[in-house]
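Take a look at the structure below.
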Amino acid sequence: MARSVRRMSKKSGLSPGTLMHVGEQKEEQVKISVIDYDEGRVEERRIAKVEESFGYLDMDTVTWLNIDGLHQVDIVEKIGGHYGLHPLVMEDILNTRQRPKIEEHETYVVIIIRMLTYEEETKDLDDEQVSLILGSNFVLSFQEREGDIFDPVRERIRHGKGRIRRMGPDYLAYALLDAVVDEYFPTLERLGDRMEALEQELISRPTVATLNELYDLKRDFLVLRKSVWPLREVMNRLERGESPLIKPETEVFLRDVYDHTIQVIDTVEVYRELVSGMLDTYLSSVSNRMNEVMKVLTIIATIFIPLGFIAGLYGMNFVNMPELQSPWGYYVAVSVMAGLALTMVAYFWRRGWL
Amino acid sequence: MARSVRRMSKKSGLSPGTLMHVGEQKEEQVKISVIDYDEGRVEERRIAKVEESFGYLDMDTVTWLNIDGLHQVDIVEKIGGHYGLHPLVMEDILNTRQRPKIEEHETYVVIIIRMLTYEEETKDLDDEQVSLILGSNFVLSFQEREGDIFDPVRERIRHGKGRIRRMGPDYLAYALLDAVVDEYFPTLERLGDRMEALEQELISRPTVATLNELYDLKRDFLVLRKSVWPLREVMNRLERGESPLIKPETEVFLRDVYDHTIQVIDTVEVYRELVSGMLDTYLSSVSNRMNEVMKVLTIIATIFIPLGFIAGLYGMNFVNMPELQSPWGYYVAVSVMAGLALTMVAYFWRRGWL
Amino acid sequence: MARSVRRMSKKSGLSPGTLMHVGEQKEEQVKISVIDYDEGRVEERRIAKVEESFGYLDMDTVTWLNIDGLHQVDIVEKIGGHYGLHPLVMEDILNTRQRPKIEEHETYVVIIIRMLTYEEETKDLDDEQVSLILGSNFVLSFQEREGDIFDPVRERIRHGKGRIRRMGPDYLAYALLDAVVDEYFPTLERLGDRMEALEQELISRPTVATLNELYDLKRDFLVLRKSVWPLREVMNRLERGESPLIKPETEVFLRDVYDHTIQVIDTVEVYRELVSGMLDTYLSSVSNRMNEVMKVLTIIATIFIPLGFIAGLYGMNFVNMPELQSPWGYYVAVSVMAGLALTMVAYFWRRGWL
Amino acid sequence: MARSVRRMSKKSGLSPGTLMHVGEQKEEQVKISVIDYDEGRVEERRIAKVEESFGYLDMDTVTWLNIDGLHQVDIVEKIGGHYGLHPLVMEDILNTRQRPKIEEHETYVVIIIRMLTYEEETKDLDDEQVSLILGSNFVLSFQEREGDIFDPVRERIRHGKGRIRRMGPDYLAYALLDAVVDEYFPTLERLGDRMEALEQELISRPTVATLNELYDLKRDFLVLRKSVWPLREVMNRLERGESPLIKPETEVFLRDVYDHTIQVIDTVEVYRELVSGMLDTYLSSVSNRMNEVMKVLTIIATIFIPLGFIAGLYGMNFVNMPELQSPWGYYVAVSVMAGLALTMVAYFWRRGWL
Amino acid sequence: MARSVRRMSKKSGLSPGTLMHVGEQKEEQVKISVIDYDEGRVEERRIAKVEESFGYLDMDTVTWLNIDGLHQVDIVEKIGGHYGLHPLVMEDILNTRQRPKIEEHETYVVIIIRMLTYEEETKDLDDEQVSLILGSNFVLSFQEREGDIFDPVRERIRHGKGRIRRMGPDYLAYALLDAVVDEYFPTLERLGDRMEALEQELISRPTVATLNELYDLKRDFLVLRKSVWPLREVMNRLERGESPLIKPETEVFLRDVYDHTIQVIDTVEVYRELVSGMLDTYLSSVSNRMNEVMKVLTIIATIFIPLGFIAGLYGMNFVNMPELQSPWGYYVAVSVMAGLALTMVAYFWRRGWL
């Protein structure tokens, strides 16, 4: 959270449209790949210089230019110049702490969404920005890191599976969005598993570490929520199909992604409620255990303090204490003590403390 | 909850419209039954192959095709092909973790709702998806499991009771929806009974098991809520009668189902508030009992610790302790102790601790 | 609450429009009364058979048919047949667990509201359904029990007080609604008194019984709330005067009832907040008392346990303990004890525990 | 709160428009004053009979009739008759427990708002109804009690300060509304001061009285809130200037009052949040102090109970206890005790309990 | 908070439009600077008398008049007179406790927003009002204090960086708004850092001071929230570009500022939730520590009180106590004690208390 704000504050004061990468700085080479296809043919290339891809723009085919890595500002700049992107759009692509949003410009639509991946080993929720530019015959996609999330889409294009090759760039954009939104489900599944594990721990043996993990989980759901609620607006606006770039036959697919988004939101909200319930369980379990501790203390103290008093009484050194002289005195005293102890135990039994 | 997400995550990466059953896998044969009727006649058949039902589509009569069991994907595929369903619709029918929704296509309306049944022995809330396709002269219904919920509707068709035989497929769809929504009432009744039983337990003798049951109940209401709120949207859109497939004379009936849905929502919300109140009762009851325990401890300790001190005082072995030599010393000491104890008891009485 | 759901679940599976009384079964005779009036004359009759009232329908005068008791289904059936009511409307009248609602049919408007009466002796909130049917020249009113709530309206009709005789059936319907809504105020007043009494108890001497009453009260406000929020929608729709059956000059009166409804809602919401605040007070008062108990225990134990130790020290039987032999030993020991006790008391005083 | 409901319940059953004063009954004479002015002249009179003011109605000047005291129903009745007010409007003026509202009638606008004054000595929040009737050339204002709140407006009219004399009755109505709304600021200021004082008390030395005052404050904010939220609707509707009685040049002033209302709402909501926070502070402070108490008890008991046991051990009277015979026995025992005590103290130190 | 209300209450009763500075009174000279530019040239002057700037109004160039300091009412009055501002607008500029708002007048637009700066040393959130007046060829900006926030904008104008010199006053207004909104990010960053520091403290060693700081932080977020929610409305209305003074090409930039505002709101809301979570952590940590304390007490008391009782038993002085005479008595007693202690320790071990 603090991280995302920190990034923004670096830029404050600069002229709008000043391009600067806001995000993790990396050393690796930016990876650029281009796929150009129509119903009949596919051409797939890994290119070193972004200019190599510019020729495809004049063709009727669908061109998908994918950029993995945003730390080389000049690449985005060149693409923006060639595809006629507004400076603020380029700024948004580079500033990787954006809220999901959709912006309709004259000749293209900008869709910015967030991809959330949960790393099971580190228990980290990785939050990455994916920007899509949908034009009349191209789709540009920008990711912060190289990932395999779009591989199934590439696969489908290569082998002409499904309807992807028959349809336009809007369907391609849909397929990419669908890939990102579908990625939320395994993330939710893993968080759900972790939640269930915590719940087991909570019932069997809660510790302060359990509580801290619970708060971590709560925070993860906050981050998820912050990503999916605006995503819903984005999908809703896309699905209503107001842009001429989105063809009517694609709308039904976008509605499907919209439905998935709603399902993600529903699940996040239910999980949030369950986590809140778990916090209550934790507190009442702590409270219950304190109660148990108190009961043990009370039972022991209540039984033995009076007995100790009687023992102390006959430990007094007064010269004239007739009971002490009686040969049965000791036995009477011990019997009284035993009787008292049994009465106490019976009382606790009746109150349900034993 | 986690279960539903897990199902979704299996599919991620597949091409949209890829048919795959997402739900419990079962061994039994899928049951297909067809009822074809108009005002004059009824024909009811149990068929083995779905193709046997396709002839009815060309007739003017109302055809109701009911499928119990979704694990044979090819059956849904064949029906979809014959009735012209969109691939995404077939996917939604098979993916049994859908949120209730309504989709209006050109020649048919898709209604997906959830049926909730509470099993009293297992204390399980069973959550099943029911999909309805309403066409110009047919209704298709898909259930995950064989059930008896639609039997009264069948009965009414067979014997021509009420207006069902005189009206079209939209009325049939209404009757099926009504049957599903009315099923919520016994479910709520049973949950309400369980809640009342828990309340009794809470007042008489709350344990940690009570608390866990309370959380179970809370979770059940969360599931219910997640099902009925979107159901309300579905019914609202149906009742407004925007689809040409729904005739004006059916709208008043749909409004009735809508009213029932609202009533279910109201009840769920009130139950949720009551369960929250019960959690507070539990906590304050635990707190009260801790208070009781503390009081017993305090009373015993406060009375006997000072007495024990006095006894200890005269158990000291100093050579020169004049009181010890006095023949009345012992009696005076015991009297002082008794007086002290009585003072304490009086003090506790005045404070209302006894 | 559970009661209302139980009623609904009895009906599930029946054909819509099947008439069946859902509510308390009673033995008494249903009471039917008819008042027929225009500006010039009034005719008031108590009738045994509902058919006797049917003649008034063809006259230009305003006819008010009031039915007290719904357990004789055939009476409602006959009225419905004569006045042309839809079967679902008759079902709604008989099913006395409806949510307040308004339905505009072609020739009549159906208004269903709930009357809440608080019985001070039993501390019960009695919840009864009142159904009104407003036609072009008649008003039908259905109550579950005989009551005196409509007596002032009858009185005004009989003596021609106010404008009631000069105006149409819409004004009569308004007058009846006004009577029901005004009944909420004494109910709220009594609940408010009970709340104030509880508050006194809470401050002076809270017990578990107080807490239980508080939860009862909270539940009563939940029931009230469930009745008045939909009532507000009903009144709002009436006041906007969209039905041709409601004349413009009546609208200003309906707006007045609407204002009263808002006032009831405001009060219910404020009461709900106050009851929540009282629950917090209860808990913090319990917590405070626990604190008091703990302080007493701590003071006593902290003073006497060290003293007891010193006494025990000189009760040891070592042969060589020089202090024991000293003639001043005892006095020194007692002085040290007294000094220690005073130090402790001073410490507690400084901390504000005494 | 209960008071306002009680008032309403007195009226239930009466014919609508029956005039009856609902509010505190008073003995004093109702005070009637009339100011008649235009740009050129001002006439101000205190009159005994309301009829004396009726002549001004036919003149072109602006007439402001102010009534302090509502317990003489006939005065309101006469005014209503002369100015053509609807009976329900007169009822609303007299029934001083109204929710703030605005009603547009054909020839006049009715504005009912509430004036809240905080009495610092009694710590009472005084809640009074102010009704304004704005006509084409008059403003009627009704207050429950004589007050000085409108004095600055009178002053401005008398001396022709500002633009008030140049503008119409709508500006006068604005000026009166502005005076009432501005009165909320000192009220909020005083409540804020009280809140700050309580906060000091909460940190330094919280008692049960502090808690009760906190609840009083919370209740005051509830009352404030109940008054200002509907006030906002009133101001919003006025500012949008839909009534022909409100001239465009006055709208900008009404917008200013609207802004003030929003500011009052903002402040009330922030105060409510702060009061909730203070309740939490109180509870956690109580909890902290319990913790302190427990620590003292535990430290003392944990140090001295084991020492006491050792002392008790060597106080046993067995004939054969070799340690007792040793000349160093006593010193060894005392050293062991001291060592044990120091270990304990070190342990507590390390845990941060000392 | 209380401060802002106090300011408002001073003015109550005054005629609207009466100019009076509501805010901190200062001694320093008001600083007036004027920048006049078009694409070709820039003129920048620091002036002593506001009249020196009035000549620029008749030129086609863009004039930016910046006023730092509002305590000299006559300066605002002169500007208002020259630029034709409504008296209420001048009042709003001077009354520095305004809620962010936008007002569209005939020839100019008034934008009032708040600038929040967090002072790290004093831990104070400084809240200052910035008023902008956008006219057809000028922008007026008013600040309470001299600050360096607009320096980057000045820099860009001076050196003709970016598009600022090519565009009109609406772009200048945008640039100033952007500067203020961007200032929120470092503020949020600093608050986030403080929150993280507190969180560390909370886990390691929470004290009452931590709690108080937490409440301070909560209060700061309340203030922030009160500023940014209305700011969002302001930006939303600006971005929709309804005013003719805002040119279409500027709208995309305003949308960018709007997006930043949304991001600020999101962050504030998430921080608020996190702070609430931290309060819960604090309470459960206090509760946990009490539990620890209780356990130590219970373990010690439960082990030693019974042992002490046995020791006391054999410290009794009855003449006939056979065990005392036995030569092994002492060793048996000590063994029994040791056995008892070990049993207790084992019991605690099994319960997980050790």
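Order as written gives the chain letters A, B, C, D and E; numbering starts at 1 within each chain.
Heads up, the rule we're going with is that a contact is a pair of C-beta atoms (placed from the backbone, for glycine too) under 8 Å apart; a residue touches a chain by one contact, two chains touch by 3 or more.
Keep in mind the model is a prediction, meaning the values are calculated, not measured.
Contact with subunit A and subunit E alike is made by no chain in this entry. To overlay subunit B on subunit E by their CA atoms, one rotates by 145 degrees, a value rounded to a multiple of 5. Homomeric contact subunit B/subunit C is classed as different-residue, with under half of its interface positions used by both copies.
Chain geometry summary: the mean Cα position of subunit A and that of subunit D are 42 Å apart. Per-chain Cα centroids separate subunit D from subunit E by 26 Å. The residues of subunit B that reach two or more other chains are 287, 290, 294, 297, 301, 305, 308, 312, 315-317, 321, listed in rising order.
Taken as a contact graph, with one node per protein chain and an edge wherever two chains touch, the assembly forms a single closed ring in which every chain touches exactly two others.
Against subunit C, in their complex, subunit B makes its touches with residues 152, 156, 161-164, 175, 178-179, 182-183, 185-186, 188-189, 192-193, 195-196, 203, 252-253, 255-256, 259-260, 262-263, 266-267, 270-271, 273-274, 277, 280-281, 284-285, 287-288, 290-291, 294-295, 297-298, 301-302, 305-306, 308-309, 312-313, 315-321, 351-353. On the side of subunit D, the complex with subunit C involves touching residues 1-2, 4-6, 8-9, 11-18, 86, 88, 97-99, 101, 103, 205, 208, 211-212, 215, 218-219, 222, 226, 279, 282-283, 286-287, 289-290, 292-294, 296-297, 300-301, 304-305, 307-308, 311-312, 314-317, 321, 323-330, 333-334.
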